[in-house]
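Read from first to last, the chains carry the letters A, B, C and D; within each, the first residue is number 1.
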Amino acid sequence: MAGSTFGERLKMTTFGESHGEAVGVIVEGVTPGVELDEAYIQVQMDRRKPGQSSVTTPRKEYDKIRILSGTFEGRTTGTPLCIMLNNTDMRPSAYDDIKSMYRPGHADYTYEKKYGIRDYRGSGRASGRETAARVAAGAVARRLLERRGVSIVAYSLEIGGIRCETFDENVIERNAVRACDPSAAERMVELIERLAAEGNSCGGIVECRIRGVAPGLGEPVFDKLDAELAKAMLSIGAIKGIEFGAGFEAANMRGSEHNDQMDASGFLTNHAGGIIGGISTGDEIVFRVVVKPTSSISSPQRTVDMEGNEREIATIGRHDPCICPRVVPVIEAMACMVIEDHYKRQAALLDE
Amino acid sequence: MAGSTFGERLKMTTFGESHGEAVGVIVEGVTPGVELDEAYIQVQMDRRKPGQSSVTTPRKEYDKIRILSGTFEGRTTGTPLCIMLNNTDMRPSAYDDIKSMYRPGHADYTYEKKYGIRDYRGSGRASGRETAARVAAGAVARRLLERRGVSIVAYSLEIGGIRCETFDENVIERNAVRACDPSAAERMVELIERLAAEGNSCGGIVECRIRGVAPGLGEPVFDKLDAELAKAMLSIGAIKGIEFGAGFEAANMRGSEHNDQMDASGFLTNHAGGIIGGISTGDEIVFRVVVKPTSSISSPQRTVDMEGNEREIATIGRHDPCICPRVVPVIEAMACMVIEDHYKRQAALLDE
Amino acid sequence: MAGSTFGERLKMTTFGESHGEAVGVIVEGVTPGVELDEAYIQVQMDRRKPGQSSVTTPRKEYDKIRILSGTFEGRTTGTPLCIMLNNTDMRPSAYDDIKSMYRPGHADYTYEKKYGIRDYRGSGRASGRETAARVAAGAVARRLLERRGVSIVAYSLEIGGIRCETFDENVIERNAVRACDPSAAERMVELIERLAAEGNSCGGIVECRIRGVAPGLGEPVFDKLDAELAKAMLSIGAIKGIEFGAGFEAANMRGSEHNDQMDASGFLTNHAGGIIGGISTGDEIVFRVVVKPTSSISSPQRTVDMEGNEREIATIGRHDPCICPRVVPVIEAMACMVIEDHYKRQAALLDE
Amino acid sequence: MAGSTFGERLKMTTFGESHGEAVGVIVEGVTPGVELDEAYIQVQMDRRKPGQSSVTTPRKEYDKIRILSGTFEGRTTGTPLCIMLNNTDMRPSAYDDIKSMYRPGHADYTYEKKYGIRDYRGSGRASGRETAARVAAGAVARRLLERRGVSIVAYSLEIGGIRCETFDENVIERNAVRACDPSAAERMVELIERLAAEGNSCGGIVECRIRGVAPGLGEPVFDKLDAELAKAMLSIGAIKGIEFGAGFEAANMRGSEHNDQMDASGFLTNHAGGIIGGISTGDEIVFRVVVKPTSSISSPQRTVDMEGNEREIATIGRHDPCICPRVVPVIEAMACMVIEDHYKRQAALLDE
């Protein structure tokens, strides 16, 4: 696993298991001289932390971050930031009964096959807890992007088959599921509570919009902006697909429909989702990702143990019946990292 | 643009514009001592080359590759392979009328914004011709994967709204659209011919299946196998989305449905698409990508020129009304590169 | 500064300033299943820590490391190790008088020019303290190399003009300067003590020998084994040059002298220093580095302040009058990282 | 061998064996819009090519380069440049007698051990011919540096024990050994001619000076400017050591001597060689490398063959008795790549 580093000029390297001592991240390449403090980062951490509402896991990690390096007198110095979170609510014993069984939908089996050894406590490195480190790094990138006038917002577009029909950015942080339609949000909350009671879970779709990005970002032919965003998103555990702009609908469109024509005021449509030829057009970047249903469910399922014996398993523990609300800040964080990194790469390309 | 290199231990770096002297690729990290000749690679080139049938562009590039380095007496030496294709059917004059206009759906505008200069001849570096270099590199990776017993096949699952209803792998290379259902293939060909006559184009969905992959490939947390495949696929110009296994359908599933349960014989389902926690399960890897309708259409569209004046444009030239048939070998090539690279990374991890 | 990551398949990323909260390192790509605990790493830390003898700075950092992630039940898991050291003996006030002046030989001026901001407390990121993180990572690599039968030893060959005339590996850790000749060691200690009293410092030469390396490591043409070792060594603050085998003496040799001839038992000489064409020969790898005199001296020197005014400065503080003894474990650590990384790269190359 | 790529934002990937079809390089990340043509690059190629004088190998490679991509109408486009040289004077038969023997000082043995297969024709990939590709890439970097006012010059400081005693930059390109002292140059030429007649060879020292570099380049803590230059230089086959500024002399200096003090007009000395803390000071960057004696000599030497039998070998062929004169442009080329790359990285760091 040398896969814990992400980015080229703005770079993060994460560490930490769900029930180890701590999780954290080193962020390299941060522009020096920028005001940044722990409180700024904490705002994003609090959006991801468990226990925010009735629809999220009650595990109590206060997720209080500390900056251990890379700032001086309230400003970044250009040296690596290390941001750390201690794990404070570890209950490894809760996982004792599953240490020899592979939970369906979880990475237990694949980690075992890859490494030959597995920290089974709360999924170890494969836990969603690892994304806390990403959110911390993403907050640093967000700080840099603010100065460029770039804003990034993600939200639940669909949960368990219930789809938002309106879009109001102001309601997103005001409902427990981070949906963009308050009426859909109510039904989503009801559904999730019902599924929790049934010991089941559901998936959904999260949409992300990035505004204010200059045209010209992205590095053909392999490090296209959409390619990098796709990698960033698919690197989040629960995400199984991504589409830009018209996305999979493009399969049913004609060229005459899909092409974004222009007039003197700019593009007339945005089927491309703000990226053409792997380079930002200057228009809003829009993508959607599909979030699979939470793997941890308490209804019984068939599996095998490490010796290959057939077993039945019910995952008892503290889990989110739907990951969408808490994955929203993770998606934003990854998008922040990608966009800021590409601004820096473009600066390197054009520099004289 | 330092984005022309892909891969870590098996690595390709491509060069070349559509109407420059040549396109080509350097492949680094190739296992030494493996039998490989130009004929083996040519087979894949011929699957991507233009002019194969009534539904592809009549541009005549024989796409005859030459290996300039990295082999000796019919075997790889472990040193970089350079594989080159001369451009033989260049007609730059055909593009003179569009050198100052941005074609809708094309990367003309974004290249201009990024680089401040643009090789407008046949889209230059943004041309699909660049993918010929990828297919050459992919053939090298395919050769290495054969020895591991891994096979990769892609095919058109849906074109212009017509979807395959049966799956017969044997028919794929026997119909002009590389569909897996011969009856759907006939209707697809008819549709494409009609669209060509109308000066229009259509999109589609290509599915890819990778078999024989050992469990354990993929490098959490960022270089997950699905994340790397997603980047690889989205780096192909016409592709606007990807989904693994159940994909976007997962948004409508419950955890109890989506989780792949196991018995002593293995996984009972494959909703995960052969990758869990970013690591291969050993099951078939399955993903689908959406291919946008070809941007080049001859029906008139609105655009602007470099001075910002509103103009009308009709892209005359030699183009595929649907990219699916020819993108199939490109998708396979990229998948070959990703899988072989991850075998090598896993070898590095476990090595003692 | 995105330059805080080193290595390809075995990779370290360091963070931390001299007088910040902590310094530390994330090590990625560690072979899973290997026994490793804090005590093993601590042995190396103790060799680098200050206050070991009369010739080293009395700053009291116990340099007690903690492993925060990547091990489970006493074994590595293949996930990133985070190893951290708190800074416990910070006296930032001691540096207040120099915050506006550039100390000769120090990186004060260059950090200011590069970043436009500078954590002046004890040189901040440019402090030798940063190398503690390298030693921790190097200990992990050393653990992996042990299993391969590779051993790495460095020692002071020359200090302040006094050169070792005998070589006894057993005495190295038994004298305060880590010299390979006990009689020279005594004179070196005397010299250093005298220079300390005079407020001056001296340089030296450290030699490193790596044994048991298999032939075949190194990645031409750019990532040659000697090229990577050279980068590793020159990345250590005080080191200003490196030479392999016969080194600069080769300038005075004829081809007939320098060439290492072979007979059936192997190489007859080792002027190449164990690396030919950038690849290990299987013979002992030998290189020497030059260590500049410690920049911090208390005798007065000319400099300027941030406003460009001419000033005089005497660096009062806790410093080593000669860096050689404490840089020895840092050199070994960097060598360990390079060699283990190249074993892993070779495994990736050859893997079938 | 995935080691054929060098650089981060300005990046080159080389290919080619000594007696294969061609050698060449892809240069990525080139600033777009810069005037560049083949003639500009050819000037540098001609400085490296064989057959320039009585002291270089008579092998006749006209080393005529072609740019295959990445420029348009005389300007760079920001897309990868592929620059190629055909091999025109191949005489593989000349190497038949040595295909089963390991030439002392050559990489025959190590390539065999690493790859298990070896292109023995003229050293294959390990040949000095590979550096032609570097010189081509370096010329591109030089073109970019010119616009920044940076100049790079290298020269033979010492050959076969004869050392330059004066420094006149204007004479360097006017003598066959590229020495900076015309009187020493005469004696060097005599020595080399005599050694050639005797079937022997000699080593030397090349010095490089880089002027006009802004302060602030270099990326601590691992990608320090001197560390990257060291790697670049040691990646050249014949180079066995490097030292910056005072170099190995620093071992005999006191801190009070070595420290570069400042007054209002800048640094009073340059013992650091223009780099402190891994970052350029703005002063001249000065380093020296040691060049080993050419391994190919016609006087008989002991070796073994592939079966381990003891043999005697005399390397007949076309070789330079001293590599210094022709390695000068290679050193400059590598330095150009490193410096321009670091300008681009600095632009990425500071970009807002």
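The rule we apply is simple: a contact is a pair of C-beta atoms (placed from the backbone, for glycine too) under 8 Å apart; a residue touches a chain by one contact, two chains touch by 3 or more.
Just so it is clear, the structure is predicted and the values come from calculations on it, not from any experiment.
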Which chain's C-alpha centroid is most distant from that of subunit D? A
Pick the pair with more C-beta contacts: C-D or A-C? C-D
Subunit B and subunit C, separation of their C-alpha mean positions in angstrom: 46
Geometric centre distance via CA averages, subunit D-subunit C, whole Å: 27
With centres defined as the mean C-alpha position, give me the subunit A-subunit C separation in Å. 38
Contacts with 2+ other chains: residues of subunit A: 1-5, 8-9, 14, 29, 32, 78-79, 114-116, 125, 220, 345, 348-350
List the residues on subunit A that touch subunit C in their complex, please. 1-5, 8-11, 13-17, 20-24, 26, 28-29, 32-33, 66, 68-70, 72, 75-82, 114-119, 124-125
Parts of subunit B lying in touch with subunit A, wherever the complex brings them together: 1-6, 14, 102, 104-107, 109-111, 113-116, 125-126, 130, 158, 160-161, 195, 200-205, 215-224, 226-235, 237, 240-248, 250-264, 268, 272-273, 275-282, 290-297, 299, 301-304, 308-310, 345-346, 348-350
Going by the contact rule set out above, which residues of subunit D touch subunit A in the complex? 8-9, 29, 31-32, 78-79, 144, 147-148, 220, 343-345, 347-352
